[in-house]
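Okay, so chain A shows up in both of these, paired with chain B first and chain C after.
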Partner chain A sequence: MTLLEFSRGTMLHIALIVFVFGVLWRLVTTFMLGWRKRKSEWRTSAADSAVKGAIAVGNRSWPHPEFLNRTAFGEAVGYGYHIGLFAIVLLGAPHVVFWKNLFGINAAWWPTIPSGIISVVSVVTIFLLLIATIRRYMHPPLRRISNFDDWFTLVILFALMITGVMAVFGIGGRYELILAAHIIAFNVLLIWFPFSKLMHAFYILPARFFIGYTHAKKGAST
Partner chain B sequence: MSTSNRKERPTNDRKTIGQIMDENGVGRRRFLKYCAGITALMAMPPGMTAAFAQQLRAARRPTIIYMPFQECTGCLESLTRSFAPSLESLMFETVSLDYNHTLQAAAGDAAEAARHEAMEEAWGEYILICDGSIPTKMDGIYGASAGHSFVDQLHEAAEGAAAIVAVGVCASFGGVGAAYPNPTGAVGVSEIIKNKPIINVPGCPPIPEVMTGTLVSFLASGVPDLDNHLRPKAFFGNTIHDRCYRRRFYDTGLFAESFDDEGARNGWCLYKLGCRGPTTYNACATIKWNGGTSWPVESGHGCLGCSEPNFWDQGGFYEPVTSKLFNDTGQIAGAAAAGVAVGAAAALAANRRKKKLSGQAEKETSS
Partner chain C sequence: MNTATQTYSGKAAAEDRLSPSEREERAMAEFAHHFGAYTATNLESCIHCGMCADACHYYIATEDPKYTPILKAEPFKQAYRRESGAFAPFFKLFGLKKKVTTEQLEEWQELLFDSCSQCGRCSLICPMGIEVAEMIEIGRRGMAAAGLAPKPLMDRARHQAETGQPEESDRPYSEVLQDIARDHDLDVALDKEKADILLCLPRTDLEQNPESVAAMIKIFNKLGVSYTFRSDALIAENYGYYAGSRGLQKRITKRITDAAKKLGAKLVIVPECGHAYTALRWQAAEILGEELPFRVRHVTEFLAEQLETGKLKLSKVNGESFAFHDPCQLVRKGGIVDAPRQLMDAMGLNLLEMHNKKGFSFCCGGGGGVNDLDSARELRSRAQQLKLREIDDTGAKRFLTSCSDCRVSFNEAGEHYDWNKKTESLIELVATQIKE
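After this line comes the complex of A and B, so read on.
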């Protein structure tokens, strides 16, 4: 068995099993914990609160005007590499065919971006990720709230991005080995995902909604 | 077989390749042109052509023992069929092919006797060409000829060989014979023979020019530079994808989605239709087939990756190179069910604990 076969076969299989198990475990646990019992009267109807919850998802995804000067740079870098990652993962041709094969769907409508553009986006994304990493290290409060979880996730992300770029540009060794390294990095990410802060991908929107919803029910503005 | 009973080959049968070329009316210019082509293919500097030609002309006519094992004769078909007589085919005819049980007239004991005689005469000097995988399970009982297993025949023939050339993906890596579940325990030559120089020329079949080019290169300058799969780097140094004329469509994101859509008619990239070009090292895109007429991708079909180890077990031929290599989704569904069950149990336990703690707190407050 070659390394590429291992990465696409046994390891990917195990990684998916761990990922699916871990993500569902955490999500089901979180959503079944229920609401805290409140003794005061609700100020807003459930329907109106739901609308305000949805508004909070949008509001809280944008920098607060009052702190714009202080947070704009960090937010821009954060949004930059997130958008870059999504573009590469969801619109890069090799990734699209990977997802289609993995989910067993045809989806002829799924568009792809030319690999030249993806290559530029990849390099820019790595650069933005590097800035975010340096900022996390240099910014005292950010550094203080960072732990192994954050740093290890960044290591996996860098490994994933760099091996991807190496595979595209054909540098650093034989293609099949670089591709295997890229898929192995992805598998490690899948295994690490449910037990790390990467779970924010699933939590972030519901969390913002519930904050907006409960604030509205209590009669507080968000 | 031992060296003690080795016979000397008659002098008139040990002509140089140059002498044979002269006898066949191959002029100096034509021979040099051929050598220039080979050195260019092998990425040698232009200045090396003259020296290469000189060495090749001076080389003695080599004895070739061609041993077929678990094979389909496709490789031999590829080597012997050419649409027009070429210098490549003449090079192949120049060698002394002393044993090949498909081509030779002799059969049975006479054929085996001829092989042993040829091996004795050129002991330590002949080139052993192997074709087909070698079954190893149950002491190699799945493949036998003349009362001997292929494993034993390979050991015997390899002992007196100067070098071994494994022709085709089966002799190189086990190929189709070694495909899952590999019932015969088929392996390539390099899995069995460890003490001889081995050159793998994989493919299903290999390109004839690659075969003759490898032989010529060996005759002129010994074992060529090999990659980690023992393939000559000159022919297997680049991926099909790197040299593919459809590469520009990959780079611009234009893909055929099916074999009869607009993309396929326009000759766009076949990556999404399972082309193995990115992970396949071979010279199809540059040398092409049938005298440079065409090659699979030019004919509208993706590369199958036939020069790579385990190419038969890399998922469906129409699935992309990054496709998953497992079919069992039951375990993932099981993991999902287990995740939901464990998550629900954890939440119920946490809620029960919370209720218990709040009940205790209420009791303490009221008391």
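After this line comes the complex of A and C, so read on.
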């Protein structure tokens, strides 16, 4: 078995199992901790609060103007690399083929972005990730609260992005080896995912909903 | 820029006889009480983006990263990850999450008490929707259980739970209340056996702002409603809440709720005090574990209702311009945004809003018991400076608020910075403008 076969065979399957069960375990153990029934007299009904919770899920995606003068740069960089990553992973032609094979689907409708554009997006995304990393190190509050989770996640993302770009541009050695390294980095990301801050991809919806819901019940600002 | 770090070890701690292991066990037991799906979702969601620092007046004023709000919740977060998180056994087995130690708790005292006014602005900025302020509040509760809450707060909480007053006074506050009424030629309803409304007062008003106390009496007399003050439930502040002690908060809360039940009151009116509102309106039923048989309203909410029904009529003030400070507990965390503005509108005030207004208002710098801590004075002053600048930027000639604790903070700041404005009470203005 070659390294490439291992990376997209056995290792990928193990990584997917860890990812799926790890994510489920983390979510289930969180939500199984129980809910306290609140007894105060609320300002809004449960249904209205739920609507406001749903609104908060969307609203929190955009910073309040009152905070923008302090947060605009960090937000722009954060949005930039998230959009870049999503575009590459979901709309890059080699990745679309990968997903179709993985899920065994023939989704002819699945659009792709031309490879030239994806290459530019990839380089820009690496650049933005670099800025985010430097900022994490330079910005005092960010540096103070950063831990292993933050740095290791960045290391994996860089490994993933750089091996991807190397594979596309054909630099750094044999294509099969670089591609294997790229897939191994992806597998490591999948395995690391349930244990790390990457779980925010799943927690973001309930966390925003809960604050919107509970604040609506008090009439508090969201 | 660094600011002085305060700790309450030894004699400055509320309870200096506990061993480190006892402190740790008590803190852990208190933290465990708060492990639930809601708090877990909050704790699991943090992406360490640091944006909460950009909402905190203490960080903005000092640029010291230790004031990053989510960092203040670290002991609780750490306890959760080690004891209750999805991978707690794994973290424990491999020693990946250390036990919360007494040294760590002592290090966090300043962050949880001196440098957090529980204003909740951090909860508003978080892109993940984490209720950061509540996580910090739980941190305080752990600290109080460990006997590491600041002595000034805990001593007052104990005294209030025992006697109804946070501190000894020359005379009982009920006598002070009667004197104020007499000095203003007002009849005051005190210790009636039955009444529809139970009124409470901020101790700071009884001691420092008798005009505000007189204003409350005048307004309620004028409205002709069935009300009473009670000697055994007069003080609105809850030092148990400030100190983070669930037990003492509950006992202090019960003084008021029991008095209201005994009276058969339909309504308890919280005076101009933000934290008293949070303690009674949102936390009383939770901490007592029962629905309250009466409503709780802030005085401005109640008066806005009276305005709407035509029972309260106000005359217009002259054309002077006013700025208004939105107290955090009432507005951002309590939802009372419109009521004070309805009252100001009815009085025809030329209200000049601050840049950060309503739910986004900056804290006065002294809420959450911070006003009571001498150790927090320097930090408080720096945060207050931000706020004074915003008020001045409105160009308003006069300045109003509806929280006595905020007034204490602004008065201190005014003196410190030789500020050219006096902090006025909205209720005093209403009492002045009430139509005969």
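Simple rule for what comes next: the second predicted complex is superposed on the first by the 221 of 222 C-alpha atoms of A that agree within 3 Å, B and C clash if a C-alpha of one lies under 4 Å from a C-alpha of the other, contacts with A are read in each partner's own complex, and residues count from 1 in each chain.
FYI, a residue touches a chain if its C-beta (ideal position, glycine included) is under 8 Å from a C-beta of that chain, and two chains touch if they have at least 3 such contacts.
Since this is a predicted model, take the numbers as computed values, not measurements.
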{"item": "Combined model on chain A where chain B meets chain C, clash or fit", "value": "fit"}
{"item": "Partner chain in contact with A:25 - chain B first, chain C second, else both or neither", "value": "both"}
{"item": "First, second, both or neither for A:141, with chain B first and chain C second", "value": "second"}
{"item": "Touching partner for A:43 - first (chain B), second (chain C), both, neither", "value": "second"}
{"item": "Which of chain B and chain C A:151 touches, first, second, both or neither", "value": "neither"}
{"item": "First, second, both or neither for A:16, with chain B first and chain C second", "value": "first"}
{"item": "Chain B versus chain C as contact partner of A:169, first or second or both or neither", "value": "neither"}
{"item": "Contacts of A:67 with chain B and chain C, given as first, second, both or neither", "value": "second"}
{"item": "Touched partner set for A:33, first chain B, second chain C, both or neither", "value": "both"}
{"item": "Three-chain overlay, closest Cα atoms of chain B and chain C, distance in Å", "value": "6"}
{"item": "Touching both chain B and chain C, residues of chain A", "value": "25-26, 29-34"}
{"item": "Residue ranges of chain C touching chain A (in the complex, touch as defined)", "value": "35-38, 40-42, 44-51, 53-55, 59-60, 63-66, 68, 70-71, 84-87, 120, 123-131, 281-286, 289-292, 295-296, 331-337, 355-356, 358-360"}
{"item": "List of chain B residues in touch with chain A within their complex", "value": "228, 239, 241-242, 250-253, 255, 257, 271-272, 278-279, 309-310, 313-315, 319-326, 328, 331-332, 335-336, 338-340, 342-344, 346-348, 350-351, 358"}
{"item": "Touching residues (chain side chain A, partner chain B) in the complex", "value": "1-2, 4-5, 8-10, 12-13, 16-18, 20-34, 37, 93-94, 97-98, 101-102, 108, 112-117, 170, 174-176, 179, 183"}
{"item": "Complex contact set, residues of chain A against chain C", "value": "25-26, 29-36, 38-41, 43, 56-57, 60-61, 63-64, 66-67, 70-71, 74-75, 78, 139-147, 149-150, 195, 197, 199-200, 203-204, 206-212, 214, 218-222"}
